[in-house]
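Take a look at this one; I'll ask things after.
Labels A, B, C and D are assigned to the chains in the order they are written; within every chain, residues are numbered from 1.
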Amino acid sequence: ACGSSDSDSDSSSSASTSAAGGDGASGGEKIKMVISNNFLGNDFRPQMLKLAELTARLPPFADTVELEVVNAENTTQAQVASLNNIIQGRPDVLLVDAGSPTALNPALKRACAAGIRVVSFDQVVTEPCAWKVAQSHADGQLVVGQWMDQVLGGKGKILVDRGLPGAPVSREIEDSFMEGLELGGGDVEVAGSFDGKYAPGPEQQGISQLLVGNRDATGVMTQGYCNPAFKAFRQAGISTVPATTCYGYNGELVGCLKERAQCAVLAGPPTVVQIAMKLGLDAAQGRETPPTSEQVPVPVTLFVTNADEFRPAENPGNIAIEQIELGTNAYEELPPGLALPFTLDEYDITAEQAAG
Amino acid sequence: MSLARHRTVLTAYAIALLLFAVGTLHSLDFAAPSQLKTMLVYASFIGIIGLGQTLCILTGGIDLSVPWTLTGAAVLTSVMTAEGRPLGVAIALVLALALVVGLLNGIGVAYAGVPPIIMTLGMNGALQGLLLVYTDGGISANPPQGLTDFVLGDTLGLPTQLWIWAAVIALGCALLSLTTFGRRLYAIGANRRAAELAGVRARRVLVAPYVISALGAAVTGLLVMGFTGQAFLTMGDPYLFSSAVAVAVGGASILGGSGHYAGTVAGALVLTLVASLLPLFSLGTAWLQIAYGLILLAAVYAAGLNVTRKKRGSPDA
Amino acid sequence: MSATTADPRIDGGGRPLQRLLRAAGRAGLAAWMPYLYVAVLGGAIWALQPALIDGPGAVDVRFSAVVPLALVAFGQTLVMFTRGIDLAVGGVISTATALLATRGADGATLWLLIAAVVALGGVAGLINGVAVAVTRLQPFIVTLATWSIFGGVALLILPQEGGASPPALSEALLGSVLGVPKAVWVVALLLALWGWLRHTRLITDLRAIGSDEQRARLIGVPIARRTIQAYVLSGLFAALAGVWIAAQTGSGSPTAGDPFILSSVAAVVLGGTSIFGGTGSAAASIVGAIAFLLIPDLIAALQLESFWSTFFQGALLIAAVTVSSIAAQLKRRRGAA
Amino acid sequence: MRDLVLSDVQKSYGGTRALRGASLSARSGEVHGLVGENGAGKSTLVKILSGAVRADGGSVALDGRALRPRSPQEARRAGIGTVFQELSLIPDLSVAANLLYGIEPRVRAGRISTGALHAAARDALARFELPAGDVSRPVRELRLAERQVLEIVKTLLHEPQVLILDEATSALLPEQVAWLFALVRRFAAAGGCALFISHRLAEIESLCDRVTVFRAGADVGGGAIGELPEARLVELMLGRAVERIYPPKAPAARDAEVVCELRSFGAPPRLQPLDLKLRHGELVGVGGLDGQGQAELFGALFGTVPAAGSVLLGARELRCASPAAALDAGIALVPEDRAAEGLCLTLGVRDNISLGSLGGISRLGVVDRARERRLVAGAVGELQIKVADVRDPVGGLSGGNQQKVLLSRVLARSPRLLLLYDATRGVDVGTKTEIYRLMREQAAAGVAVLFYSSDAAELAALADRVLVLHDGVVRAQLSGEISEEEIVAAAVGGRRKEAHA
C-alpha cells in the first residue's frame, strides 16, 4: 500500500525520533504506522508514547510494524499542520490522539481518502471514517459518583473540579460524576467548583480558594490529582482529610495511603495505545475490525481504599474495582507520574520499563 | 510628608484593602489566619517574580520569558535530584542556568538592541522547546522532599516562603529607593539618551533587571514546586502576564521611568485577592474570566489615573 | 548631540536613478529580510522533502494554515503602527468560531451570519479602541483585560470545544478557484489590499500617531478616531480569521484564538514592523507569518522532534530582530561618520 | 483687514497660571514681535491661537470675529498658520508627506498618489528657493535646521492670514534667518499679519514693526519698535534693568597656562584633525554654519563619536570611548537638546542633579542622602533654580530653570574641560546672562571651556577666541575684538582667515 514515492520518506523515518523494531531491518515490506500526538504537558501522554514504543518491539508488532511518533504543539492548528505533513508521507496506519474532537476531522477525512487507515484513540474525534478507541469516562465517573455518595453517607459538602475550560471531556467527567452522585439518593451538596486544568498547581489553588467559604467540606472530586486536595486542606488548617477522587497515577495512590484518606482513583490507562495499535495492525493486515461507528472500549479499573465495602448499584461499563495496596498497584519507589495500569497483560512489560 | 507623591502606590493598596473588605463581608472565613497565610503565599509567587518584572518595566522593558524559566528551574531541579544529585547542588546549578538566561536576555536587549518584548518572547519559546526536547514532553521524577519541607516549613509562625518574600520586598524597596543602581534604572527608563550623557553606563545597567527577573522566576519555580509538591510542564503558564499586570496595577507606567516595587507588592495582593474573591460568588468559568477582565481594567485605571493625567498634560505637548 | 549629515538646506538632490537607489538602500536589508526567510526556509524544506512543498494539495494545506495568521497579523500591524498592541485578538477569534459552531446557516443566511460575526469582531475592536483612546491606558493592559473578557464570552457561547460550523461555510471558503486554492487567493487579496491601503490617509495617520502622537495632534491627525479605527480593523480581521478557522475545522473552540496572540506579534515583528510604531508593512507581516509557519515544516522535513520548532521559532524571532537592530546601528554609525 | 486682537486671555495648567490676563493686538500688514523671558507664556498664547489648547478666559478676535479654535484643524481653517516652537513634523513620515499633510494633491478614494505628492513637494520647495533633494526621506534623518526650514515652508503652504513664528530662528543660521525674514516681510507686505517670537532681541529689532512684552503671563508693555531700545525691552521683560548681558572678556589670555590641548584631534571624515590649546581663564567659542563638524568635535571629545588624535588634559593624555569615561576623565558636556539628551523630564530636580555624581555621593552603591541633599541644595542655591520642592519633576519647570538644572548637574562633576553645545538656545536674556557669568567663573577657576553657539552675536561678545569651522576644517581663528560680521563672513565666505590681531 505504501508503494510508490517512498524512497526518501523511508530512509528518513529510520532516522526519526523513535523508530521501533530496532536495528537495520529493511523497511520495504513493513507496515508504516504513525502516531500523531498533541503535547499536553501532563505525564500521561509521554508515558503512553513510551508504552507504544515498548509495545512495538514485542510481537506481533516487532517484525511487521515500523512505528513513528510525531508530537505537535498544543494547538489544533499545529496538529492539523503536522497531520498534513504526515499524510504527505503516506503511512499505512495513522493513530491520532486528538487535540480537538472535531477540528481535525477535515484533515482525517483527507487521510482516509488517501487510503490511510485512521485510528483515533484516547481523545477521540467525531470523524466517521476513523476507528475510535477510548476509555469511557462516563461509565467510570458514574461509579466514582456512587462511591462518593456512599463514602459520605449521602450527606455533606463536596468541591468539584470542572477540568479544563472548553475541553469536552471535562464536561463528560463532571456530568457523569454528578449522575452517579445522585444515583444513591443521598443529598450530598456541591459547595463549589473550580477549574483544575489537569495540573496540580491550579487544582490546589482552586481548592484553597473554595475552602474559604466551605471549611466544612468533606469531599473533593478532581479530574486529575488527589494530593493537591490533601495539601489544600492542610494549608487551610483543616484537620479533616477529605474523601477524594482522582485519576490513576502511582503518586496519587501512594498519597492516598500515606494520608490515610478515603480515595477512589479511576485508572486513566495508557494501555489505550496498545489496543489502538493492535486495531491498526489488524486493519492493515486485512483482518476483521469493529465498525468505525462504535467506540472500542478500554478495560478500566477503579482503585479504592474500601474495596471490601464498596458495591456500586450500577456499573454499565463493568469497571473492575480493586483495593489500593502498596506493592500491588501503588509503588513507593516508582515515579509519582506513572499512570496505572501500565500495560495490558498480553505484553511483557515491567513497571520499571514503563516508568523509563 | 506628601502622600500625593505616592498616590499611585497608595491607590493600589487601597484597592487591595477594598477587595479584602468585600471578601470579609461576604464570608468571615476570608479573614481567617490560615486563609490569609494561603493567600499571601499565592501572592508571593507573583510578588517574587514581580521584583525583576518591576525593574524591567521601569527601564521601559518587560520580561515574557518568566513562564519557561520558572518551569525549567523546577523541572531541572526535580530531574537532577531524582538522578541522585544533592538538592543544594541542583539548586545552585539551576540558579546558574537562570543567570545565563537572564544574561542572554539582558545582553540581547542592552547590547544587540532587540526590543525586550521580542527578546524575552523569543527566549520563552526557545526555552520551552529545549525543555520539551530534554524531558521528551513529560516528567515523572519524584520532587525533592527536602524542598517541600523547607518551603512549607514554619518559621516563627509563618511559612518560610513568606519570609523569603519579605526579604525580597526589603531588598527590592531598598534597591529602588536607596541605591545608585535604582537611580540609574529610573533615569534610563525616563530618558536613556540623557542618562547615558549624564554618565550612566546604560548598557551595563540594563542587563541587571533581566538577570534579577530570571533569578526571581527560577526561585519562584522552586517555591511553586515545593508548594504543590510536584514539577509539571504547565506550571509557568499563569505567570506569563500576571507579574506584568501586578506591576501595572501597582501604578507603574509600562513605558518605564515611573513606578515602585512597593506598588507591585500591592498589585500582587490585588491579583490574588481578585482570584480568591471571585469563586465566592459561584460564577461559572466564563463569568469568572469576564469579571477578572473588568476588575483588571478598573484597577489599572484607578491606579494609573494620575499618571495618565500627568502624561497628557506634559509641558512639551 | 545630533550628529547628522548633509548640507544645511534640504538635501543635495540627485538624479532619479540615484534617488531610487537611495530609497532602496533606505528601506534597506530589513525590508527584504522576511522574503529572505521564506526563500531560505522554503528552499531548505524543498531540498529535504520536496513533497512537503510540491506534493498534491501541499500548497493548499500550507496556505490554509497561513490565512488565519496572515489575517490577524494584518490587523495587528495596523495597531502596531500606532505603537499599540492588540492581545484581545485571541478572545475575538475564539468568540467568532464559537458563534459559527453554534449557529446553523445556509445560502444567504450564511453570508448574513458571517457578516454578523465579522461585525461583532468590529464591535470588540471598537471597545478596545475606545478604551485605549479615551482612558489613555496602555494598550498592552487594556487588551489583556478585554482578551479575558472576550474569551469569557466565547466560553458562554460554546462551553466546550466542538459544535459544528455550517457545512456550507467550509464549502464556500475551502477548495480551489481556477485551479488555485482559495487560501492562496485570500493571501493574494490581502497583499493587494495592503497595496491599495498603504498610500491612504488612514495608514499615513496611523504611522504619524505611532511616530509622534503629540505632533500628530498638532498637524490635525484625528488621534482618537484613527486609533479606534486601527483597533476596529484589528477586530474585524481577527473575526475573519475566526471565520476561516471555523470553516477549516468545521467546528469551534472557545480557546481557538489564544495561540494567535503571540504568534501574530511574532509574524509582524518578523515582517520588520517596529514595535515602537511608525514604520512597517502589512504585506511584510504576511510574509513574516509564512516564515513563522514554515518552521514546524522544516523541523518535520529535518525529521527532528517537533519540540524543536518552538525553539527555532523563538530563535528566529530573536535572530531576525537582532539582525535588523544591528543593521540599523551600523547605518546610524555610517550616517554619523 | 486681518487684525488679531487678544484681550485678557487666561490659561492655567493645574496650579500654574501660564497666562493671567494677557492682551495683544497686531494689525494686518505688520510684523509683530512678542518677547518675554522663559515661561512668560508666549508659547501658551501660540497654542491657544493655533487650537492646540483652549483658553480658560478672555477673548481672541480675528478680523473682528471671535476666534475660539477647538482643534489645530479649525485654527488652520480660520487662517492661522503656526510654526511651533517644538516643531510639528512627524519623524517617520517623509519630507513630502509632512510638507503637504492635509493638502495633498490628487487624493482619490482616500488614496494619495505618491508620484503626485513628491512632485508637488519638490515644486513647493522650489517655490521657496530651496533645493528639492530627496523628498521621500523620512524627516527623522534631517537635522534640526533642515527641519526648522521645512516647518516654516509647511506652514506657509497653507497660505495663512496670520503667521505665527515661535522661536523659529533659534536653530537657523544667519543666511537662513535672512531667507526667513525676506519671506516674512513679503508676507506682511501682502497684507498678512505675522507674530514673531524670539529671544534674539537683535532679530526683533530688525524684523518687527511693533512689539509686545510678556512677563509672568501678562503683557507689561509694548509699542513701535523704534520707541523701544533694547535696554528698555530687557527691563520690561525681566522687571529689572540689566547692566550688561555679556561679562567682560579675559585680559591677556595669550600667555596663560594651557589647561587642555588637542593634538591632531578629529573625527574623520566629518572633522579633519585640528590642533587647539585652551588656556587658563579663556572662553573659546566654536562657530560656523550648522553641520560643519562642530557636533563631531564635541561628540568626539565626549566619547559619543569615534575620534582620532589625542587630548591632553592637565598632564594626562585621554581617549574617551563613552560619555561615562569622558566624565570620569573630567570632561563634561551640556548637550544641545535639553529634552531629548539633557534631562529626565519625568524625574525630580534632585534626581536629575545628582544623576551625574552618583558615584561621588554614594558608598557601596548606596546613596548618601545627606551628601545628596547638600549637593542639590548647593546647586539650587547657587544657580537660583526656582522650584518648590526638589522632588518635583523637572518637566514642570520653565525652560530656563530646566537649563539651570542641566547646568548644575554638569557642574556638580567639577569638570576640567567644560563643553557647551548651544547651551543658550531658546533661553531668555535673564538666564543667558547667568549662564555667561557661570562660564566666566568656570574659566577663571581654571576649567577649560569650549562652547558652540549658533548665535554669532553671542560668539562675538562672549568668546575670547572663536574657531570657525567649515566642512570639517578650521576656516578661521578670530580673537581680540571680534565682530559678528567677521564670524559670518568666515562661515560663509571662501576666504581663509588666519589669526587676526
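What we mean here is this: a contact is a pair of C-beta atoms (placed from the backbone, for glycine too) under 8 Å apart; a residue touches a chain by one contact, two chains touch by 3 or more.
As the structure is a prediction and not an experimental result, all values here were calculated from the model.
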*When C-D is set beside A-C, which has more C-beta pairs in contact?*
C-D
*Please report how many Å separate the Cα centroid of chain A from that of chain D, as a whole number.*
73
*Report, in whole Å, the distance between the mean C-alpha point of chain C and the mean C-alpha point of chain D.*
42
*Where chain A and chain C are represented by their mean Cα positions, the distance between them in whole Å*: 37
*How many angstrom between the C-alpha centroids of chain C and chain B?*
29
_Where in chain A do residues touch at least two different other chains?_
39, 71, 165
_If a residue has to touch 2 or more other chains to count, which residues of chain B qualify?_
132, 136-137, 285-286, 289, 316-317
_By the touch rule stated above, which residues of chain C touch at least two different other chains?_
155, 159, 305, 307, 309-310
*Name the touching chain pairs, would you?*
A-B, A-C, B-C, B-D, C-D
*asked:* List the residues on chain A that touch chain C in their complex, please.
replied: 5, 8-9, 12-13, 15-17, 39, 70-73, 75-78, 80-82, 84-85, 88-89, 100-106, 110, 126, 165-168, 170-171
*Any idea which chain C residues touch chain A in the complex?*
49, 51-52, 55, 57-58, 61-62, 65, 68, 155, 158-164, 170, 174, 245, 248-251, 253-256, 259, 293, 296-297, 300, 303-307, 309-310
*Given the complex with chain D, which residues does chain C contribute to the contact?*
1-14, 19, 22-23, 26, 196, 199-202, 204, 207-208, 210-212, 215-220, 277-279, 335-337
*chain B residues within the chain C interface of the complex*: 108, 112-115, 117-119, 121-130, 132-133, 136-137, 241, 244-245, 248, 253-255, 284-294, 296-297, 300-301, 304, 308, 311-312, 316-317
*asked:* Please output the residues of chain D touching chain B within their complex, sorted ascending.
replied: 13-14, 47, 52-53, 86, 302, 304, 322-324, 327-328, 333, 335, 339-347, 351, 354-356, 358-359, 362, 365-367, 389, 391, 395-396, 409, 413
